[in-house]
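Each of the two complexes below includes chain A, the first together with chain B, the second together with chain C.
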Partner chain A sequence: MSAIRADNFGNRAGTSSITADAMLQGTAKAWWNFNSTGAVAMRDSFNIASLTDNGVGAVQVNFTAAMSNANFRGSQHAASNTPGNSSGTGTIFNQTVSLFYQAQYYVSNFTGAGLTSDYPNVVGDVLGDPA
Partner chain B sequence: MSTLRTNTLTDAAGGNSMPVADINQGRAKAWYNLNGTGTITARDTFNKRN
Partner chain C sequence: MTEWVATREELRSDFMLMEEAHNRLSPVSCDHRIAFHDGTQEAVKVITPAPRFIAQLMAGGYTRNKRCIGACEETGLPIFEGTNEIMPAMTYEQAVEYVAWKDMPRGTNHFTILHTDDLPRIDGDIDKARKFRNAWRLEMQS
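Moving on to the complex of A and B:
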């Protein structure tokens, strides 16, 4: 395996560059897009080994490579396939709750009324320190 | 301080190619994990001053 070590990466013109630290810290360490209705099914992902269905609205996202700790930043959204809502965004986003662990990310999705619910579109990502 | 200048970064196998401009535009510029109960404390952050 080869590795390039540098403090900065820039375009050839020298007009745009970023530090290696900013690139390392700022890139997503994992992301996912899955369908949680019926049998949970991943559409596409990065650094996700598997999904565990923990019941209605609850899915455990298992990382392939664990984070260095549980102090990462994660976010996720759940949406229906129904276009159009009061905000006009084209999808209906509902309440979500997340728990962070070094090797897992737990998502729980609810309806607007606070009832647990599976959704056809569950998407999320993680930023932080890789192990 | 060293600066590597290139337009595209690619892995050793020739895959996963990505323009440096895309990396610059697409990366998160800051992130944080806070405890907002009581006195707010940061567990971990990037590019957050206070």
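Moving on to the complex of A and C:
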């Protein structure tokens, strides 16, 4: 595999640029799109080996390639299949990062009433340092 | 089985192998699930292998034989156990078994691999059964 080595990337006019470090830190190191209802099923993913269904509304994402520390950042969103259904869309997420298993990332989906729930559309990503 | 603290070079290499597999391989649908008791609670947990990881394992040449078992207190880097050799191509069944070893908590031996058709249902509904998983019973894997 060939590689491009550079410290800075910018537009042709030279009016806008970004450092390589900023670009590398700002790209997702893992992402996922799965259905957490029924027989939980992954639609597509990047750097995800498997999902662990820990209970209703609690799914653990297991990385293929481990991150270099536990201080990574993740976001997650879950929604129903019904547009405008306020009970399912706009669901907030909660995350707790295991301090022990760095190849794992825990997420829970909560309804507005504070109840855990599963959703047909769960998407998320992780930013951080894989090495 | 050997244990070691990961190096940044090793983690970078693992990530690059994963990226290459992602770019080159098509996902392999996985209709099997791994159900297990982790020893901390009675409720059954269920692992769903990712189709892209199954493809990566079946192709061979992209995955090192290891799993993360903790973090180094001094550096924060992952601690791995395994042989660290790059694994050759494997069958679908071997790939699912590898996922079970890699992603179940260490020491878990109360598990079973089952087809999605065999997931517990209540009145034909998997979701209903998932809410009452304390009622699940697992037979020991030999």
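Annotations for the structure displayed:
Please note the rule applied: the second predicted complex is superposed on the first by the 106 of 131 C-alpha atoms of A that agree within 3 Å, B and C clash if a C-alpha of one lies under 4 Å from a C-alpha of the other, contacts with A are read in each partner's own complex, and residues count from 1 in each chain.
Here, a contact is a pair of C-beta atoms (placed from the backbone, for glycine too) under 8 Å apart; a residue touches a chain by one contact, two chains touch by 3 or more.
These figures come from a predicted structure and were not determined experimentally.
In the superposition on chain A, A:Thr37 makes contact with chain C only, while chain B stays out of contact range.
Contacts of A:Lys29 after superposition: chain C is touched, whereas chain B is not reached. Shared-chain residue A:Pro130: touches chain C; no touch with chain B. By the document's definition of touching, of the two partners only chain B reaches A:Ser2; chain C does not.
In the superposed model, A:Ala49 lies in contact with chain C only, and not with chain B. Of the two partner chains placed around the shared chain by superposition, chain B is the only one that A:Arg12 touches, whereas chain C remains out of contact. In the superposed model, A:Asn69 lies in contact with both chain B and chain C. With both complexes placed on chain A, chain A has more residues touched by C than by the other of chain B and chain C. Once both structures are placed on chain A, chain A residues 1, 69, 71, 100 are touched by chain B and, in the other complex, by chain C. Residues 6, 8-9, 11-12, 14-18, 20, 22, 27, 33, 43, 45-53, 56, 63, 67-71, 76-78, 80, 99, 102-103, 116, 119, 126-127, 130-131, 133 of chain C are the ones touching chain A in the complex. Across the complex, chain B is touched by residues 1-2, 4-12, 14, 16-18, 22-23, 25-28, 69, 71-73, 100, 127-129 of chain A. Those residues of chain B that touch chain A in the shared complex are 1-7, 9, 12, 20-21, 23-24, 27-29, 31-33, 43-44, 46-47.
Residues 1, 29, 34, 37-42, 44-56, 62, 64-71, 99-104, 118, 130-131 of chain A are the ones touching chain C in the complex.
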